[in-house]
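The letters A, B, C and D name the chains in turn, as written, and every chain counts its residues from 1.
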């Protein structure tokens, strides 16, 4: 079993018992997120990009079965051999996956079966981690670590997908009725931060920075011309000004593909926004709520972010610019643990950029392409990231649905330019 | 409230108490059919034509709310006003219905809510039928009768849809594991029955024959040339001979639209058939089972039925020919009460046509068009049948999923020529 | 070579020299119709249903090559063997045809090549008809006759397709600037004609009535209840009243498929109609012209015809009713020879129905299905009509683009219910 | 009229008479390219991305009318005001353009009209350039220069589109029968060239390098890690080895979007390749010819280029790497003037990269996005390049259909990753 070239030879000094504790904590978090759901909610696929919640719960479990238990626990027996086909997402070299757009046609295995599957795998993982074979322990730990990050990624997807599923429903059902309303704040003045020209080192440092995905490597140099970055992300109030000045009706503000999308889909506001007599509301995981003008705008596509930036006389930052600004910043913010599940108005000011982490994923102007020297993970796990490097744009910084421990300054998220169901917003940049 | 012109002035002499008993029995039958389902099964819409089982349960209930309780029970309060929008199928003059292809995106109201809705409506119906307003009693009874036939129609759709939903699943889950296997029988010789030329009276006689849908009227005369009708429907074994002689590869056997469908969809056998090493199997409500060569072929489209008939040197009967043969026949057969939920080999011979009723709906060669003098029901109920009179073909006789009391010799079922998820088969005819 | 079962053993007593004269006259008429075209006009396929004019010219020629010259003139050599593939329309048993929607991608053979192909085939036909082999002369004559009717059918299609092609063009180019404007007439009062109930003989009599297509046979009996037929077709003025009373906005007037079509396509008037400041205009083969309120409405689909009839408290006639009315009527009318190429206001009154023949094809309420005893032509020619007998509705009577000699009381034209690019209108019927 | 920020204040010292000579030469070249066409060829749109040749001829003429004559020659009168709508390609701020996919539905204006339009505009341009208004001369010259580059770009598109149009035709008609066959050469050994790490200056220098498109600015610094570049582009023979080793059947070689495209479109070779008994042929502008194993492979998509590179253990160069290698190289090569209209085997070796310019556009690994400091042209001309900066990949170096004077080391061509109808090939790169 070859080691992952882009990781440390001994990636982690933790005892496997400690890994088991992490494993249990993160696995439990997925189930906690699903606790408010009705059985019926687990089954729905509201568009091709969305997966039924029960599929998420099963797929992250399959990951451990396929990549940890099957290779490293010889006495492991699958609960049901069909799951290997049903819950493979897209690993073509592992086997032909069940077609993605059909995930919503499967009532069986039922939700209770999925939980049984989770328990079955969890028991086997406990067994494996209690006495791992010495010659494989490093590789096992690497894969467990990857599997847990994978599960955290799906925790965020779960919330995005649940929101999309419930939003289709004319009843506007809330995912949770007990979500705290964010504090109302006096907005800070918008401001620009300056960054000098120079060679910047971009990407993850495998030698000293712990876990990262393969797509954050290799660490390499980029020359950046001097630039300015907005201190705050764009707010709902600012975005409303764009809308009110005809943002969705002026072709000169839009990329050609974006303008066609606007026409085809009839876009005239961010996803989930609806106009009522007294103003704009949006569907949130807490139900339909008035739009807070001071909170960062979310659920805009890259096309909308780009058009907004053009309207504002600015542009989106490149991912290298964003990462330059993020280096050295404290990674606190409105993450899933804050339990708002919605972007909130900025809490403070400080010297550097505010709300870089959490609240909303920030669209960058960078297409998602490999870094110089990029090597995907060996074997089937190499399909994790690299094969999606066309047709997508990079987003940075995590959002209000991201687990706090899951984000990094070098973390590269990516979506197609028309996608809007993520908590995606923007922050402006411009030439110095 | 105008009476239905095509029904008796006093359509029924039953006491409303008797109607309440009928109501309870038929309403209960819907729930009995759904008893074997898991909660998750209730949510799925496996194609646009299929509705989630919970939608069926709610829609048939909405029918009584919208057409009986709202107009005739002034103190009736809907359980949830949104249901009037969610569970309206296609009555455009009642209000804009929720889009059909999106029925599978609704997790809420959950299944338990739907059952509460049923209980709520059932209680109100009991109240209304216990003391109906005298001036409306005839109209109420007419609508109750229509609503119960409507519910029986949906009982059959429920089984068709459940079969389609489960068939998408690579696990091939059975709807019920306890379905009896039909008796194996020695097949009878195929044979032709003769019918003389002459004027036939076609359609339902409102004055003497009890309930019928509007599309079975008005009763009128048709001249039929002499014809022959096959004693038995076409069996799986006969259909296999067609397949083995290249039935699906010979364009000269097919209508042009059918031939394009064959190419586009890759049809090479009836729906639900799969070839295994030792022969053909098909998915049934009891799971995957070997194809019985002596049972009537089912799940063929009109295009396949028509191609088979051409291959066999025959044709499909017109609906008038079929009705002529059916007049006076005893309406026994393999209906839903037989609890096979699958067509079975012919049980007997007798003098006339065998298996006319039950087992499989028989495609006729008649396009679904209005009879001379057809008048739809007045008001919104007029959308029940008449507006579907284009692009569809008539089927006759009921099937193994039809409630026995629901069928009539004049009953006109209809599907588009490419549809295959009904229990649809065929019986041959030819010129005398 | 088997005789056509549904024709006379000796279908025609004409000398083959006379057939040659007919051949030349009808072949010439196709070229005369194309004379006003620019080379560029010959190439366009404005929708899948439309063929480029040069394709029509070649395809009708191919018909004689494939079905007359190849089998009966041994020394015949094709001008180009590829044409057999390129200009086969849909005869699957003759060979896989070139895909219909791609006809507009072929610049070559160029128009001049097509005319050379016509001359090449015409010369060979002259040779064959000058000294036909005695044992095949009857069959040759039968096929020539069929081929000439086929070419006349395509003459009408040519005009329909040219109109559609030019109508796409924002320049609104006229096919001909010299088309005579019809005389303006005082409209007659609308009126109903009465027909008694009884057995009617429907279909073509092969023994005495000369040529007909296979789909007009076999002659058979139908019982018709008493009915009324409108003396005149529906006019533009009457159709405008329907439009002004919300005809396109009232779902209760429409078949379900039609209503969806209205929404999907945004229909609010017949095809080719445009509203200008001072009223309605429509694109004609003579360019954009004001709509004449007294001329029959044209370019309406079956769905629109059916909705109009419902709005008017009437219905469409069945094809048997129409044929009953047409029997014995003189077949004069506004045909292609009148050179209006547009329906015109009724010229007279008389006792029976007016404008039954010519002006507009009249949608009937009958689906296009085989008559009792229908047998398609033997061999590949059997694909001429029979395989289209699903999903289409029958139209009767010919139109202003039909050659006068091409129509019969028994002639069954057919189009899908959404089609509008034919000169299709309607005449009302109702129960007596 | 604001100057173009990214060009010289006085962009050119040429006398306007000299500009008139250039104008005439380049305008004539478009007509020379179209000389071998039949009138029918001018009309076809074989897919949405292709435009009819007559549309190209008119659109490039419209460019001068809309952007030079209308603003700067007050007495100019359009030949036909409708052309402003018909021949606007995509300038939304100029007016709503005629829908692109419908360009092939327009037979009028006919080809002769288009040539009249060209002559009309040419005459007015001669008049304007003979005595340009002094205060606008600099702007006029800038726009003429842009218009001529625009026309040269369309000359290449014309050849690409003509090739695609003729390739649809089963007759495989050659655009020209007189195209010279390239000399057969002994292939050179493949080899790698080394480039050191360092800061590179990328983009066009407006102060000293003459004309460039806005998307080549602003000139800026990029840090490149050390890399290697292949001396030669990938040849047909090398690509065949990829095909023979299952290149089109191995998902691990492909980007996910590419793999789906392969499945959906059934790709198994470059566009225009067909297998005959004795090997591979491809359709060329000279007709169907055997594939030359030593010539560069063409008509591959980015997806195929990327998969090939992965298979070869290499990658595509970034556009900055490519430009670094191209700086200082002589821009000779197989351009349109060589009159092969097909890539040819390498003619020589030399020290640096061979065939960088001409033969085939080389896919880079860079997504088409703005350079730092990019500003589109002011006004409507700003839609020329900038609005296409999503969803496309950069290609470099020109091809056998590019006019020699049209290419630059900084020239950024772009196509979507699935596009194959350009003469697009690839050259490998890898880490040092």
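Going forward, a residue touches a chain if its C-beta (ideal position, glycine included) is under 8 Å from a C-beta of that chain, and two chains touch if they have at least 3 such contacts.
Source: prediction; values computed, not measured.
> Residue numbers at the chain A-chain B interface: does the shared fraction exceed half, giving same, or fall under half, giving different?
same
> Using CA atom averages as chain centres, what separation in Å is found between chain B and chain D?
Averaging C-alpha atoms per chain gives centres 60 Å apart.
> Roughly how far is chain A from chain B, going centre to centre by Cα mean, in whole Å?
Centre separation, chain A to chain B: 47 Å.
> How big is the gap, in whole Å, between where the Cα atoms of chain B centre and where those of chain C centre?
Taking the average C-alpha coordinate of chain B and of chain C, the gap between them is 38 Å.
> Specify, in ascending order, the residues of chain B that touch 2 or more different other chains.
As it turns out, chain B has no residue touching two or more other chains.
> Quick one: label the inter-chain contact graph as line, ring, star, complete or other.
Shape of the chain contacts: a ring, since each chain touches exactly two and the loop closes.
> Which chains touch, pair by pair?
Per the contact definition above, the touching pairs are A-B, A-D, B-C, C-D.
> Where on chain D does chain C make contact in their complex?
It is residues 38-44, 46, 54, 82, 85-86, 98, 102, 104-111, 165-166, 168-171, 173 of chain D that touch chain C.
> What residues of chain C sit close enough to touch chain B in their complex?
90, 92-93, 197, 199, 220-223, 225, 227, 251-252, 254-259, 302-303, 306, 315, 365-367, 369-370, 372-373, 382-383, 387-391, 393, 417, 431
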